Amino acid sequence: MKIRVSVLGATGTVGQRFIQLLEGHPWFELAALVGSERSAGRTYAEATRWVLDAPMPSEVKGMTILPDDADLDTPLVFSALPSKTAGIIEQRLARAGHIVCSNASDHRMEPDVPLLIPEVNPEHLALIDVQRARRGWSGAIVTNPNCTATGPTMLLRPLHDRFGVTKLLLMSMQALSGAGYPGIPSYDAIDNVIPYIGGEEPKVETEPQKMLGVVRDGVIVPIACTISAHCNRVPVLEGHLECLSIGFAQRPELEEVVETLRSFRSLPQELNLPSAPAQPIIVRDEPDRPQPRRDREAGRGMSTTVGRIRPCSLLDYKLVCLSHNTIRGAAGGSLLNAELMYAQGLVKA
Amino acid sequence: MKIRVSVLGATGTVGQRFIQLLEGHPWFELAALVGSERSAGRTYAEATRWVLDAPMPSEVKGMTILPDDADLDTPLVFSALPSKTAGIIEQRLARAGHIVCSNASDHRMEPDVPLLIPEVNPEHLALIDVQRARRGWSGAIVTNPNCTATGPTMLLRPLHDRFGVTKLLLMSMQALSGAGYPGIPSYDAIDNVIPYIGGEEPKVETEPQKMLGVVRDGVIVPIACTISAHCNRVPVLEGHLECLSIGFAQRPELEEVVETLRSFRSLPQELNLPSAPAQPIIVRDEPDRPQPRRDREAGRGMSTTVGRIRPCSLLDYKLVCLSHNTIRGAAGGSLLNAELMYAQGLVKA
Amino acid sequence: MKIRVSVLGATGTVGQRFIQLLEGHPWFELAALVGSERSAGRTYAEATRWVLDAPMPSEVKGMTILPDDADLDTPLVFSALPSKTAGIIEQRLARAGHIVCSNASDHRMEPDVPLLIPEVNPEHLALIDVQRARRGWSGAIVTNPNCTATGPTMLLRPLHDRFGVTKLLLMSMQALSGAGYPGIPSYDAIDNVIPYIGGEEPKVETEPQKMLGVVRDGVIVPIACTISAHCNRVPVLEGHLECLSIGFAQRPELEEVVETLRSFRSLPQELNLPSAPAQPIIVRDEPDRPQPRRDREAGRGMSTTVGRIRPCSLLDYKLVCLSHNTIRGAAGGSLLNAELMYAQGLVKA
Amino acid sequence: MKIRVSVLGATGTVGQRFIQLLEGHPWFELAALVGSERSAGRTYAEATRWVLDAPMPSEVKGMTILPDDADLDTPLVFSALPSKTAGIIEQRLARAGHIVCSNASDHRMEPDVPLLIPEVNPEHLALIDVQRARRGWSGAIVTNPNCTATGPTMLLRPLHDRFGVTKLLLMSMQALSGAGYPGIPSYDAIDNVIPYIGGEEPKVETEPQKMLGVVRDGVIVPIACTISAHCNRVPVLEGHLECLSIGFAQRPELEEVVETLRSFRSLPQELNLPSAPAQPIIVRDEPDRPQPRRDREAGRGMSTTVGRIRPCSLLDYKLVCLSHNTIRGAAGGSLLNAELMYAQGLVKA
C-alpha cells in the first residue's frame, strides 16, 4: 500500500518536477493535484504548459485539478507554491493533519519548522514535536532550503564537523529554470548575465547556519559562520554553479578536504532512501569540472558535484560546486525529506 | 603628419580589434600588418577570417601581410601576438628602436617593463628609462594587463588612494571572445559554464598589485593587497563581468565608495586622449546592472561599469563590475597606452 | 522647423526603437509619448523597462506619458501599438487629421490603406486620396509590412519587374525580439527552436502580393504569385534570416539575378531620405553570409542582405536573405514611410 | 555469446556515441577501439576529450586504442571515421572479411553499397551479394545516410508507397553537434545562424532517391523525386529540425498524410531489434512541436517526430520534422543497421 500524496502548485515548473519524480515512486502514489483558481476544474493536460524536456507522464493527463481550498485526503502533501501564497495554505493543511513538505520560503526560518536536507540535519525533525505542541497541529510543515543554499550546505556538513567552518564567500551562476516559467525573457538571457536575483542573497546568507546548527531543548542553535553571497543568473537551463571560498576554525590539509568530501555518506544512504544518491558529494579531478550541462544529472540530479579544490589566498580553500536546482534544490529535495520522514515513521497511510 | 604604426598578430581577434580601433584614428596611421608564416605574403582579406560584427575596414583589405621577422619602418608597433610567441619578437623590435605596445603576457611582470593602464599608473612610464638603460635598447616594451585584471584595477585605483585596499576576492564570468578564435567550441558553450581558464587566476592575483604600486628609485613597489580569484567562462560574446568583495585598511562609508568611484577622473581625461572615455568608471544605480550585453559598449568599450555597491558581511563592500575584454581589456587598452606615450613625447615620428 | 511627432505604444520594444531612431532626426522631433493606462501619467523613465542595448536617450526620460485617448497636437504619429489594440486608436487619430504611420497589422490589408516599403511601392501613397474620400478623414493611415515579409518583398521588387516572380517558398529563422518583451521565455529559447509563430505565415503569404501590385483606378491589383511560408523562432536576438526558393515567369541567368539585386536603387535613394540606406539590397559573395549577428546592422539596419544565390532544382533560384526585424521590419520601416510622405508634401507642420 | 565489435574513429563525437550506445547492448560487445596515429597506444580515457553529457562508460576507460592499420578480430566494425579518411580503411577491413557499418559518406552512393535505414529499405541488403561478387570481398560495407537526409527519408517511405512523392523542398536548422568537435566556434554560434554547411545540400538532395529506390537485378533504381535543400546551422546542441514542403503524384487528404505517418511500422519493429523505436514516426498535434530540445530524445533518439502537417500552397503539404542527428542520424543509425544484419544472419560470430 503506497502513501497517497498531493502536489500543490502542480502546474508550475517545480510542480512539474514533483510529478516527474513521483512517477513510479516505490512508496508514494500521486493522488491529487492542486492548482490556482485559473487551473482548478480543468484536467492537468489542459491546464498545464508542460515545459520539461521529458514528456508529461500519461497518468496525470486526465487528472482534474483541485482548487487551493479543497480538502485533501492524502496524508502527505508536496508544496510547489510560490512564496507568500504558500504560507496560509500550508498552515491550513498542517493544522488539518497533513505532513506538508514545502519548497516555499515562507516558513523556512521559523524556529519550530525544520529546514531539512536529509544528509545534513536529519535530527532537526525533532522540531516537529515542538511545532505541533506550540501550534496545536496534528500535521506538520517541513521545508527544504533555497536552491542556491543547498549545494554549499551539503559540502559544509562534513567539513564543519571535522574542521569548523567560520567563513564562506560564495558567488553563484544560477540557471534560468530557477526563475520559474515564463521567468527570464529570452531577450535578457542570450549573450548576457544578470547580476541580480531578487531576495536570493539574504536566503543564501542565513539558511545554512540554521541547517548546520544543533537542536538543544527544542531550539536550533545556528552555527557561527559568516556568509557573503553574490548571486547571478547565467544562460544555463538547469544547474546552479557556485564558486566558494571557505575559512576554517582549524585549517585542514588539502587532502583532508578532498577526502572529507569524497567519503561523506549520511543517513539517507544508510537508509537507502529511494531518491538518495549513492554519493551525496562527488569530487571530480579534472581541472574544468563541474560544468552545469555535464554534471547536473549526477546521482539523478541529487548529487552535489565539486571540483577545483585548491588553496585560497584570502580564506583557506576555494572550490566550485554544482547542484541541480529544480531536482535536489527543489522538488527532489522535498521528496527526499518526505522519504526520510516516512522511513522514520512520521508519515502514516 | 600621423605616426605610422604596425600591428603584429594582425589576423587574430585582438589584431582585428586593433585594426578596427585604428580606423580613422586622429594620431596614428596603420602602415604595416604582420602575421604568422601561414599568412605572410597574402593580402589581409585573403589571410584573415574576420570575425567581428562590424565589417573589415576597406583600406586594409589589400594590404600585404609581412612575416614575423620583417624589418618595420614604423616607430610604433602594436602587438597582438599570443603569449610565448610574443617575447622574442617584441624584444627584437624594441632593441631595434620601436615602441612596442603589447597585449601579450610575456613581459608584463618583468621589473623594468611598465604594466600600464593610463588612468591607473601613468607614472610607471618612468620605467622606460630603466628598461633602456638596463637592456641597451633604443625602443621599449610597454604592456597592458590581463583583461580580467583590468576592470578591478581601474576601480581599486581611487579606492586604494583614499582608503587603502588590502583584500580582494573576485569571481569572474568571462566572455567567449577572451579565448580567441576559434576558442571555445560551441558544443561546450551552449547551456553551460566552464569554471576554469588556464593560467588566468595567477595573472589576476598578481598584476593589480604591480599596477597599483609606486615607483621608487626605478623600482616598482607593489601594494600589499591579497587577491584571490575564481575565473569562469560563460556564454557571453564580449564583456567580462566580475563580482568583487573588497576589504579596506580604513572602512569607508557606502556613499564614500560610490562617490569615489563616480568622480574618478585621471590623466587620460585631462589630456583628452582620443580613446579615453569621458568617465573611466560609470556607477549605475539599477539593481540589475551592469549586464555584459547592455553595458559593454559604454564609453565606446573603454569605460568600466560598476553596480550593486553594498556592504559585504565578510570583507567590507561588494559590487559587480564590467569591462569590455577585447577593447579596454586588450586592443583598446594598448592603444590608450600608445596615446599616452605619444602625448608625453615618448613616441616620435 | 522640425515636424513634431508622437509615438503610440512608446514603452514597448518597437516603441523604444522609434524613440532610438528619432533621436537627432533631421526632420522630426519627438513631442509626445503615448502609453497604456498603466503607464499614463508617469515619466517615460519610470514607466519603461528599457531593453535595448544602447541606453535610453536622455531627452525622453522626463517626458510624461499621455493616455491612449489624449488629443495630440503633432501632425505625425507613429504607432507601435499591438495589433487589435491599434485599430480603433489609429482610426480616431486619422479622422482627427493626423498622419498615422503604423507598424500594426490591423489595417494593412484594407484596400484603401497603403502597405508601404518606400523602395518597393511608393506610388501606393496614391491610395491616401481614396482613403480620405471614402472615410471622410483629414488625416490618413499608412502601414508598413510584417517584419518577415519585408526582406523578401524588397528582393522581389526588382526581380519581379524584370523577370516576373510567380512562386515563392520561404522558410524563416526569426529573432526573439520579434515576439516583443517579455516575449519568448528563456527556458524555451536556449538550445531550442520553436517551429511556429502564431499568425505569421498568413501575413507573409499575402502582404507581398499587395505591395508588389499596381494601383489602377484607386485600387491595388495584387500580383499573381503563390507564396508558401514556414516560420520558425530561433535563439537570435535581432535579424530575421530567411531561405527563399523563387520561381520566375521567365527564368533569368544567375548573373542577371545577382546584378538585378545588386544594382537596385529606388526613390528613397534618389530623394536621399535620412533613413534610406545607400544600398537597399547588399549582395554578399562569401558562402556563409548573411549571418544575423554580423549583417543585421548593414545600412544602419535598413539594408536587406542577400547571399548564396544559386539554382534551385525545384523552382528557379534559391538564396538567403536577412533583414533587421525591429529596424527595417518595424520602427525604421515606419520612419522611412514618414520621411517619404514628408518629402512628397503629405506631412505638413 | 555476444558478437565482438570494433569502433573506428573511437575518440571523436560519433565514436563516443557508438561507445555510449553499445554499453550494455544485448547482442554486441565492444572489443576494440581504433584511433588515429595520435591516439593509438594510449588508453581511451587518456586519449579522449569526452564531450557527451552522460559520463564515459567505465569499461572503456582502460582500453588501449589500436592504430588504423591494426588487424581486428571482430566480425563487426563500426566506422565513425571522417569522410575521405574512411574510404581506404573501410575497404581494407571489408576485404579482410569484416562487416563494416559506416557512418562516413565515402561509399554511400556507390551502386553496390547499401545506403540503409532499416525501416526504409531493408531489402537493399541484397546488394551485399553484388558487392562481394564484384569486389571479391568476404566482408562488406553498409552505410547509413547523412543525418539531415535521415528524418525526411523516414517520412517519405510510407508517403511514397501510398501516394508517390515527386517533389521535396527542404530547409534544415541543424544542430552544432553535427559539425563534430571542436566544430563551430562558440563566437560564431551565439546569437547567430550560419546559413551554410559545406557539402551538405548535395547529399540531402541525392541520398533519399537511392534509399527509396527498388533493387532490380542487383541494381538500385532510384525514385524520380526532385529535391532542393537549404541547410543552416543553428545554436542547438542536438537534433536537426527541418521544414518540408512535399509534392505528390496523387494528392492525398490531410488525414491520410497524418494517418500514414502515424501508423507506419516496419521490419525493425516486427523483428523487435534492440535499438528500434516502438514508433519510427511520432506525429504530434500541438501547434509548436517538434522542438529540438524537447523531442530529440523520443524513442531514445531513434524516432522521427513530425508536426504542423498542413497544406502548402505551392506543393501539396508542408510539415516540420525532427531527428536526432548523432543518434538516429549517425551512431544509432549504424547500430540499427548492424542489428538488422545480425537478425538476418549476415553477421556471424
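Should a chain be cited, it is by its letter among A, B, C and D, assigned in written order, with residues numbered from 1 in that chain.
Methods note: contacts are C-beta pairs under 8 Å (C-beta built on N, C-alpha and C of every residue); 3 or more make two chains touch, one makes a residue touch a chain.
Chain identities (UniProt): A, B, C, D = Aspartate-semialdehyde dehydrogenase.
If you're wondering where the values come from, they're calculated on a predicted model, not measured in any experiment.
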item: Chain pair, A-B or B-D, that carries the greater number of C-beta contacts; value: A-B
item: Far-end chain from subunit C, centres as C-alpha averages; value: A
item: Where subunit A and subunit D are represented by their mean Cα positions, the distance between them in whole Å; value: 41
item: Interchain centroid distance [CA atoms averaged], subunit A/subunit B, Å; value: 42
item: CA centroid of subunit B to CA centroid of subunit D, Å; value: 48
item: Per-residue overlap in subunit B, given as positions that touch at least 2 other chains; value: 188, 190-191, 235-237, 293-294
item: Sites on subunit C touched by subunit A in the complex; value: 13, 51, 176-177, 181-191, 235-237
item: Touching residues (chain side subunit C, partner subunit D) in the complex; value: 167-169, 171, 173, 188, 191-196, 198, 205, 226-228, 230, 232, 234-237, 241, 243, 245, 287-294, 307-308, 312-315, 318, 320
item: Of all residues in subunit A, those that touch subunit D in their complex; value: 53-54, 190-191, 293-294, 297
